[in-house]
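Listed next: structures, encoded as C-alpha cells.
Both complexes below contain subunit A, partnered by subunit B and then by subunit C.
Showing the complex of A and B:
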C-alpha cells in the first residue's frame, strides 16, 4: 500500500519533517562542536589550573590539615584536634595585631581606591594621549617594584635625617619631625603611606580601564551642558564604576588584612608590636618558632575573618549590579 | 563577568593567605624579602671563653698533604663537600678555598643564602635528599632533638677537642634537650667577643685617657659625652635587625651579678629566671641611660648596618658590638677605634662578656662527615687557617693550648679584642637573645623598644620577657 509506503518515506521527505531532521543533525553537529570547543577551552585552562591546584589549593588543604596537628616542619605530626586554635589566643598581642590590620584597611584600601578613582578620572579628562599613558605607567611603577627595595627606600625617606623630615623642616614643620617608622604613634600610619604608594597604581590602572569603557558620549554631553570635572566625576564616573570600585575594594581589603610583606620590610612589626599584623605573627610562629600547627590555625582563622569582612562588600556589589 | 572576576580575585587572594602559612616539605612558601642583619643574632650564639695565649708558642704540626693516617680524614680520592654558608660572611669561603689549595682532592660545592633564609631552610636541608656536610648553624637544639644533626662526640675524642682550652659546653646538648652539657653537636670556626668599641678622638675630647674600670666610671664618661654635645652611645634598635640594647643590658647584668644564672636561663635549665634582683638593677641602669639620652633618639628605627656606619662616620663615642666588625672598623676608622671589655660593677671585679663560637654543624645523613670533622680540626690548627680567622674574621681562632697566635697589625682594634679574650676568661656568656628561638623577636626586641618609648619599665621588661620565655618553652 502506498499509504504506509508514503508514510515511511514522508518521515524523511515531507516538507514538515525535513527541517526537523536538518535541525537535529545541525544540533548534533553544534553540540559536537560545542563539546569540542569546551574541550579545547579546558585544554587552554589546564596549565593554569594545574599550577593553581599545586601551588594554592594543595597548600591550602595542607594548611587546614596542619592546623589540627602539632608539627615542627620536620618531625612526626601529632593530631591535637582543636588545641592549636585555642593556643592561637596566647600569641602575644594578637588582638593588637588584628586591630592594626583593620586600621591598615583605611590606608591600603579606602585611600588608594578613592585616590585611584580621582587619579584615573583626572588622567582621563586632561591627559588622554601619550601623556596619559606615561602618567598611568608612572603611577603603576611602585606596584611592580620589589618590596625589598621599596622597604629600603622608604626606610631612608622616613628616617630622622630623611627626605620627609627635610621637607617638613623646609616648610617650617621642623617641630614634628621624628623617625617615623620608629615612633609608637606614627609607625603604623607611616607603613600605611607605603601601602598607598604601592597600591595606588593598581587601583588607578583598574579604574582607568573601566573609565575607557564608559561611552564617551556621556562625558561629551555633560561637557556640552557645561559640567565641570567634579560634576562629571560624581554624576558619571563614580556611578558607572561601582563594579570596579567593588573589585578594587575587595582586593585591597584582603591585601590589608592579610598583609605581611610591606610590614616585614619596613618595620618588622616594631616598635614594640606597634605595627605587628596577623601575617607577621603567622610568619614568626611558622618559621622562627617552627610551630607549623599553630601558625596554620592562625592562618585559617585569618582567612575566616577575611571572608567575614569581604562577604558584605561582595553582597553590596551584587545589589549594585542588579 | 565583572562579578566573576571579582569572585576569582577574592578566591585567589584568600587561598593565598592560607597557603602562605604552612610550608609543605616540597617547597618553601614564604619568600623572605629582607635580611635581618646577621651579626645581631649570630654574634654570641653560644659561648666559649676564648683562652688565648698570645705568646707565640709552638704548634701543632700542619698537614700539608691529604692525610692517610688513621683517624677521621678526607682520604685521597676526590671529595665534593656539600656546604651551605651565609651570604656576606667571608670567613668560611676563604677557609674552604685555602683548604682546597692544601688538599686538592677536596672541593666544595658551596650554596649560600641570606642568614634568615638559611635558618628557615635549615630543617629542610638537613632532612632533605642531599644533606649538607657543612652548614652554618646558629642554633641547633631543635635539629639535634629531631635527630637531624650529627653527634660530634667521636670526633671530639679523636682529635682531642675535649682537651682544648676552649670549652665546648655551649655547643653541647643533653638528652633532656638542655644545652650546656651532653653531646657535642656543633663546632666553632672562631670565638667571637663582644664589648665596647670607642672612637679614640671623641674619647680624648671627653678626657678619657684609659678605659673605664667600673660601671660608675663608664657612667661618668657617658655623662661627659652628653654634656659635650656628642652622641654618647651609638646602637641599633629596629625590629628588622633585632634590638641592639640587648647588648648593653646583658653586659650590665653581668656587671651586677654572676654570669652562671644568665647562662642557665639561656640554656633552658629548669626553674631558671631572668627576673632576678641583680638583673632588675641592670635593667634599671639601662633605663637610666635611655632617659638620660645616651642612645640616639631614633634608635627604634636604626638598623644594625646603619648604626655601624654611623659609628664609623664619627657619630657616637661608644658602641656595644662584637669583634666581627673589626675588619670594618679597622678599614673605615683606622687608628681611631679602641675596644674594652665592659667593666665590672665594682673595682677589681671580674669583667664579663658575651662571647661565643661561629658555629657550624654536620647533617646526620652527611656523606662526608669525616672530612667535615677533619676540616673543623684543620681550621683550628692550621697556621694559614688561623691567620684567615683573625685577619678576615677578627676573632680568636681557638684551637689547642699553645697554638700559635696569628700575627695582627699593631694598633689595630683586632689586637685589642684578641687581648680582651683572656680578660673575660671563664666569665663568658651566651647571648640572652638565644634562649629560645623567638625570644629576641617576641620578647627582648618589642619590650626594649617599649622601654625606649617610655611604655615599659625595668621590672615590666623582665616580667614580660620571662612570661614569653615560659610560654615558648611550654610549646
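Showing the complex of A and C:
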C-alpha cells in the first residue's frame, strides 16, 4: 500500500517527451505543486495525529518513564532502574494477576472463537433462513451493552439465590450450589463465563459473515458427496476461515488481557486475589495505593505482553494469506 | 442438499440453547427488577405484585436526569469531533496517499493493541497538569484520542478503495483539496461515517475506566461510569440495582436493534481488515 503515492507523481512527469527546458520547468512546477499538496495532506492528518500523540503516544512514553521511578504521584520521582519490574515478579499478587489474565484468554478467546466457529457453521447448515438471522442477532446482544452492566447482571446470577444456583437445583445438582464469584476455586472461571457471554456473539457473527463469503459450490459438492457436519467443518470451514479465526483471536486476546470493567464490578478482584487482573491491579496500585512506579511497570508489562502474544497470531495470518 | 433429520434437530437445539444462555440473564434481571425493593428474590420468579415503580425509583436514586444530560453531552462532543478528524486523516492517508502514509497508518494501527489501562495513569497526571482533570473535558479529550486508531483505520479502509478517476476529474476542474474532501468524498463516505458514529456513540456511553478515574462526581460521568457508582451504593438492594441496570442498558439495546446492520458491518469490517 505505500508505493502508489510516489508512482503517480513520477508517471505524470516521465511521459513528457518535450524539450529539456520544458521538462525541467514542468518538473519544478510539479514538484512545487506536489510539495504543496503534501503539505495540505499533512494538515488533514494533523488534528487526529495531534490528539493521538498527546493523549496516547505521550502517555505511552510517560508510562515507561514512570515505570523506572519510585513516585507517589505528588513528591519528586526517584530513579530506581528495573526495581519496579522485579517487584512485579516478586509480589505473588501482581504476578498472579498476569497468570489470571492468561487463564482468562482460554475463556474470553479460545472458547468464544471455537464455539463461535461451530455455531456459525451450524447456522450455515441447518438455519440458513430467518431462524439463523434471529439466532445471530440474539447472541450478539451482550456485546453491545456496557461491560459494567454485564458484570452487575452476572454478579446477581452467580449469587447464592441467583439463577445459576436455581437451575442447578432444578436439575438435581443442589449439592454444588455456592456463591460462585466468592469461591476461591471457581470465581475466576465464573468471570470467564461472563466473558463467553459477552464475546460469543461477536465471534459467531464474524465467522458467519466469513462463511457466507465462501463459494457455496464448495459446500454443495461436499453435501452431494454426503459429507456430514464434522467433515465439512474440518475440511472446508476451518481451513478457509483461517484469516478470520486469526482476527477473532487477536481481538478477543486483547480483550482478555485488557479486562477491567467486568472484574471491577463483579468481584473487585476477590475473593483474596483469585480474580485479580493486571488492569485492576494497575488501578488499585496507582489510584488507591499511590504506588505509581510499580503500577506503571505492570502497565508496561501488560502492553508488551499484548504485542508479544499478538505478533505470532498475525504472522500466522500473513502466512495463510500467501 | 442432504442434511439428516437428526442433525437438523441437534443443530437447532444447539442454537436454541445458546440463545437461552444469552437471553436468560436479561430475563432474570428484568423479573428481579419487578420485586419489592430491598427483598432478595430467586433468579427467575415472576413477582406476585410487579413493582413497576422500581424503575421510577431507580431513575430518581441514580439521578438519572443529570446523568443522561452529562452522558449525552459527552457523546455529542466526542463523536462529531472524532468523526471529523478521523475522516480527514483517513482521507489523507487512504486517498491522497501523502508521503509517509504507510508510517502514519502503522502508527495508528499500533494503537489498536494498547489497552486503556496501560496508559490511564499518565493520562490522569497529564490532565492534572493541564488542568482539565474533573472538568467537562476530562473524559472527551482522551476518549477522542483513544478512538483514533480504530477510526482512522476504518475511514482509511473506505478511502483507499475509492477509484482515483473521480478525484482526478475534479482536479482537472480546478477543485482544491478541501473541495475534493468536503464536496465529493465526504458525501460519498456517508455510510461508513454513520456506522463509525453509531459505534463510537455506544462505546462512549459504555466507557467505564476513563469515567471512573478522570471524573470524581458520578453524575458528571458516562452512563457506565455512573452505573459503577450506583452499584457501590445499592449493591444490597438487588431489585433496585437490576432496575437501574436495565435503565442504563436499554438505550444501547434500542440503538442496536435500530442500527443493527451498520453496527455489525462496522465492527466486522474494522476487525477483518485489522
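What we mean here is this: the second predicted complex is superposed on the first by the 220 of 322 C-alpha atoms of A that agree within 3 Å, B and C clash if a C-alpha of one lies under 4 Å from a C-alpha of the other, contacts with A are read in each partner's own complex, and residues count from 1 in each chain.
By definition in this document, contacts are C-beta pairs under 8 Å (C-beta built on N, C-alpha and C of every residue); 3 or more make two chains touch, one makes a residue touch a chain.
Predicted model only: the values in this text are computed from it and were never measured.
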For A:269, select first, second, both or neither according to whether it touches subunit B, subunit C, the two together, or no partner. first
Counting only touches as set out at the top, which of subunit B and subunit C does A:112 meet: first, second, both, neither? neither
Please indicate which partner A:296 is in contact with in the superposed arrangement: first for subunit B, second for subunit C, both, or neither. both
Partner chain(s) touched by A:40 [first = subunit B, second = subunit C, both, neither]: second
Which of the two partners, first being subunit B and second being subunit C, lies in contact with A:178: first, second, both, or neither? first
If we overlay the two complexes on their shared chain A, which of subunit B and subunit C does A:192 touch? Say first, second, both or neither. neither
Who wins on subunit A residues touched, subunit B or subunit C? C
Pick one for A:73: touches subunit B only (first), subunit C only (second), both, or neither. both
Touching A:48, do we find subunit B (first), subunit C (second), both, or neither? second
Partner chain(s) touched by A:286 [first = subunit B, second = subunit C, both, neither]: both
On subunit A, the residue positions that both subunit B and subunit C contact, one per complex: 52, 55-60, 62-63, 66, 73, 146-148, 243-244, 247, 250-251, 254, 258, 260-261, 264-265, 279, 282-283, 286-287, 292, 295-296, 299-300, 302-303, 306-307, 310
Touch list for subunit C against partner subunit A, complex: 1-4, 7-8, 11-12, 14-15, 18-19, 21-26, 28-29, 32, 40-44, 84-86, 88-89, 91-93, 96-102, 104-105, 107-108, 111-126, 141-142, 144-146, 148-149, 151-152, 160, 164, 177, 181, 202, 205-206, 208-209, 212-213, 223-225, 227-228, 231, 238, 241-242, 245, 248-249, 252-253, 255-256, 260, 263-264, 267-268, 271-272, 274
Provide the residue numbers of subunit A that touch subunit B in the complex, in ascending order. 52, 55-60, 62-64, 66-67, 72-75, 87, 90, 92-93, 146-148, 151, 155, 158-160, 178-184, 243-244, 246-247, 250-251, 254-255, 258, 260-261, 264-265, 267-273, 279, 282-284, 286-292, 294-296, 298-300, 302-303, 306-307, 310, 314, 317-318, 321
For the subunit B and subunit A complex, residues of the former touching the latter: 2-3, 5-7, 9-10, 12-25, 29-30, 32-34, 36, 120, 123-124, 126-127, 142, 146, 148, 237-240, 296-303, 306, 437-438, 441-442, 445-447, 449-450, 452-453, 455-456, 468, 471-472, 475
The subunit A residues in contact with subunit C across the complex are 1-2, 4-6, 8, 37-38, 40-42, 44-45, 47-49, 51-52, 54-60, 62-63, 66, 73, 118-119, 122-123, 125-127, 131-132, 134-135, 137-142, 144-149, 152-154, 156-157, 161-167, 197, 200-202, 205-206, 209-210, 220, 223-224, 226, 228-229, 243-244, 247-248, 250-251, 254, 257-258, 260-261, 264-265, 278-279, 282-283, 286-287, 292, 295-296, 299-300, 302-303, 306-307, 310
